[in-house]
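Labels run A, B and C following the written order; every chain starts at residue 1.
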Amino acid sequence: MLQETTTSRMKPAIALEDISKSFPGVRALSGVSLALYPGSVTALIGENGAGKSTLVKILTGIYQPGGGTIRVGGEETHFPTALSAAHAGVTAIHQETVLFDELSVAENIFLGHAPRGRFGLIDWKTLNDKARELLRRVGAEIDPTIRLRDLGIANKHMVAIARALSIDASVVIMDEPTAALSHKEIHELYELIDRLKADGKAILFISHKFDEIFRIADRYTVFRDGGMVGEGLMADVTQDQLVKMMVGRDVGQVFPKVDVAIGEPVLTVSGYRHPTEFEDINFELRRGEILGFYGLIGAGRSEFMQSLIGITRPSAGAVKLNGDVLVIRSPAEAILAGIVYVPEERGRQGAIIGLPIFQNVTLPSLQKTSRAGFLKLANEFALAREYTQRLDLRAASLDQDVGTLSGGNQQKVVIAKWLATQPKVIILDEPTKGIDIGSKAAVHAFMSELAGQGLSVIMVSSEIPEIMGMADRVIVMREGRIAGRFERSELTAEKLVRAAAGIGEAA
Amino acid sequence: MAKLLKNREVLLVIAIIALVFLIALRFPGFVAPANLARVYNDTSILIILALGQMAVILTRCIDLSMAANLALSGMVAAMINAAFPGVPIPLVILAVVALGAALGSVNGLLVWKLDIPPIVVTLGTLTIYRGLIFLLTNGAWINAHQMSDAFKALPRTPLIGFPVLSWLSVLAIAAVYLLMTRTPVGRAFFAVGGNPHAAVYTGIDVGRTRFLAYCLSGGLAGLAGYLWVSRYAVAYVDIAAGFELDIIAACVIGGISIAGGIGSVGGAVLGCLFLGVIKNALPVINISPFAQLAISGTVIIIAVAVNARTEKRKGRVILKKAEAV
Amino acid sequence: MAGLNLSPRILPDRLQSRSSRALKSWESLLLVVAVLIFAVNSFASPYFLDPWNLSDATFNFTEKALIAFAMALVIIAGEIDLSVASIIALSSTAMGLAVTMGADTPMLVVVGLGTGLLCGAVNGLLITGLGLPSIVVTIGTMSLFRGLSFIILGDQAYTGYPASFAYFGQGYVWWVFSFEFALFVLFAVVYSVLLHKTNFGRAVYAIGNNQTAALFSGVRVGRVKFILFLLTGLMAGIASICLTSRLGSTRPSIALGVELEVVTMVVLGGVSILGGSGTIPGVVLAAFIMGMVTFGFGLLNVPGIVMSIFIGVLLISVIALPILWSRARRRTAH
């Protein structure tokens, strides 16, 4: 306690004041403030899409804030480039390490500021020695001369941390550093963070796992929907309070969930497994049902869904659609069978932004709209109009390139594309990720309507309100396995969070 | 041992030794030190060029204009010599290296400042540079008798047992090796090609790094231009036509990934030697020299297939169990 | 249904009519350029407007344009095929070999087309089957295919093609219209329809714009790409028949460097080298422009190599100019 009061009286190493950031169609951050103190760990907590990664990008000079000020040691500063943030002593260890696989461990640590010897040439001996010393300081037994690609994810994180130390950062941001670590490695990371604290570093620790946060953090800040909803000392708060702040059920978002008579099983998946991504997936999907798949990022949900539609081959497992055994080797076969997947990464896997709306919508349905392999544009426009209208697409014309639409409207085009194939099962992967409230409501309403018409829906989502508002049943995945199954009647946010993070009931 | 076998350079050394050994079984004369030195000397120009191409490919670009640059620089060297025989040869060399670097910088600027795909830029400059030779000379040749003796003699002059040409390539290998391994620019070549996104995070200017790689390849092409023209004692529009493919072939064989970021000076040199041995061995073992093109084509395809297999990255692993294995 | 379908908005098919869009396109700019060159040429040389001279001029581009049609599809799909000139050589060599074994003209056509298809299949298998980058694979097969010609021919040449074989490169369908020109027109139509009017063409655009999204949308990416490389092989085979027939002989160095001219023609025609956009009419216009410039230079006694400088400058500037133009516009906008 004594130490806590001293830190809060200290000057923050870095302070963000009233920071805002907007993207076309989305307000990512609105007026958030955050102060990081030397020798103290601040946990940043929030659901996916709450604005955490935007904040990290502003802190590291990748994004420029739309408003507000950044102060380093009390002085107002700007980070126009990644390099300027690094010079100001801010460094980040990312979820997916942004390092160089083909270079040696030591070079990854010192790239850009390598020690030089005679004639200004890089002094590899000193470099390797210093790297070895830094790695020893972070407690990693890694030979600095081996290539980074030969390391596991845990050790890559250690290298990233060593790099942070090598540029003598005063502020260290850790973005879900334990996501891929084993129990033992997490423990080593804790010890390292303790040492960093002792060195007087200010640490921002982003994590979904409450046991970690309570173990390591001194302070907390909770984000929700781009705003700050709470901050304080970890000693003054309970896990339940944090979960409530993070989920914020009282914030009124009405979900247009309609009661639908759930029918017979449509899709049955049994014994589905993959050598590295998921295993032992069993479930049934019924007619008119919305089945939610909840889990943390990287829990294997998308990987499983993509395997279901033939992008990757499972090592074992059976799929039955309306009682018939299906073997799906490509998305084309999945579409023919009546199973469609609306991917999570809209820009990369969903929309073809260089092509017009109508061509996007009809791409998987060309067999239907064409005659003998020749395009029939009138049919295409008719089909595209029918489905985009049902989703209330806002656009100037059907001939407009998808790239010119807002994120929400792009998502409507993508969903229209899949509905136009008249599927029996539709899998929606994070259907409302990164789109505005209005479009979200339209997508949700439409999902309800589809279920009402007897379609079976799988909704992969990391947003608790969405899962709770829309799903009839929820399957929680963790580390590639099913970690919990809940009926709508027994759903609570706490149960979902606990199952996804793998923590027991609150004491 | 298994790890050593996975090493591209070691594999290439073994392949080259095996090749030489097979040839020597029937033609022992091939492994006579004098002959091996001759093979190396014959490969020297390819080595100099491949070093430059390597730098460019490392940054995820490609330089198809190297042979045209060589021809233009070589022609200019010959013209300087023919017009002013008194100009000292080192000065001529300096001039064409600068000219080559300038021609390379044109590629680099177009790639850096205008973001034009490297393949298009260098396809264009390839034809432009060759055309410029014609404009300069009106299609005329510069023959041996128009060149001064000093101009022609330099590459052949023996120095401690080897011709200057061989020594120059050794010098180029050493210099590029130092550049690639001991300077920030050299390391930036690897970083930019390996992960351009992360390079930006590290504060490296991706475009500028590519520009420098093109300057290097251009400068080396300029040097090779003088060496080529003086060695063969003739300069005309079409010298080294199609040689850009040999250069790329040597790099691909040497394990330099066309996707950027992977490669080494040793690999590039060994790739050149592999091609050099084949080229010099064909007449010895009585295979028509015309087979050389088909062989290097086949070797390119095999090399890129092998590269693709070794480069295939492990997928993201979620299951803990799998990671432990 | 929560406000859904309450106010159905009718989205128009198009805001701009197709004709007004066409007016602002790259193709119409090319058309203007073509007309200008035509005018300049007819002023510069009194011989230009002679129908037979113009007909001769078409031989400058017809063979390359045949390949350029298929190449346009390959490049729109985000790939490239640098081996086409070598396929011409190998195909020509195979026909020459067939002649020495006593093949007649129909047999020669089969051999020429078959060799082209086979080469295309080799490229396609290496690229789609093994997942190798097309630029390296086709640089490799570029050496391999021509290398095979060199192995077969050495410094020899095949001549002695049957008299009837000469028709493909030297015959006339009607008046001044050569057989090659007829092929050019035929394939311009065929490829326009294939790219712009069929499901296959739509798949090509989808792959070139976003291969992953195309795959997720049920496009059979591997199969489409394989067919594209088959098509370039086939077109190179056809071009080989025409060229061999026109020259009446085969040397291993036949059609050296033609791949650059084909790629230039495609890019000049408005096809993005990064894939995803471009049209066949654009390529047709580019073929005419390149042919007329070559012909005009020829009439003015400008050597062919100067023409190649012109092509090189053209290739870079047609890509650079739109970039500079949009940058300048952005600067004035701010």
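Note that in this section a contact is a pair of C-beta atoms (placed from the backbone, for glycine too) under 8 Å apart; a residue touches a chain by one contact, two chains touch by 3 or more.
Owing to the predicted nature of the structure, the values given are computational and were not obtained by experimental measurement.
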Chain pair, B-C or A-B, that carries the greater number of C-beta contacts: B-C
Chain of greatest Cα-centre distance to chain C: A
Chain centre separation in whole Å, for chain B relative to chain A (CA means): 44
Interchain centroid distance [CA atoms averaged], chain B/chain C, Å: 30
Residues within chain A bordering two or more other chains: none
Chain A to chain C touching residues, read off their complex: 256, 309, 311, 330-332, 334-336, 341, 343, 348-355, 357-359, 363-364, 366-367, 370, 373-375, 381, 385, 388-390, 392-400, 417, 441-442, 445-446, 448-449
Complex contacts: residues of chain B adjacent to chain A: 178, 181-184, 187, 190-191, 194-195, 197-198, 200-204, 261-262, 313, 315-320, 322-323
Chain B partner contacts - residues on chain C that touch it in the complex: 80, 126, 130-133, 135-137, 139-148, 150-151, 153-155, 252, 256, 260, 263-264, 267, 273-274, 303, 305-306, 308-313, 315-316, 319-320, 323-324
Chain C residues touching chain A - in the complex, by the definition given at the top: 1-5, 8-16, 197-202, 205-206, 209-210, 212-220, 276-277
Chain C contact footprint on chain B (complex, rising order): 62, 110, 114-117, 119-121, 123-128, 130-132, 134-135, 139, 237, 241-242, 245, 248-249, 252, 258-259, 288, 290-298, 300-301, 304-305, 308
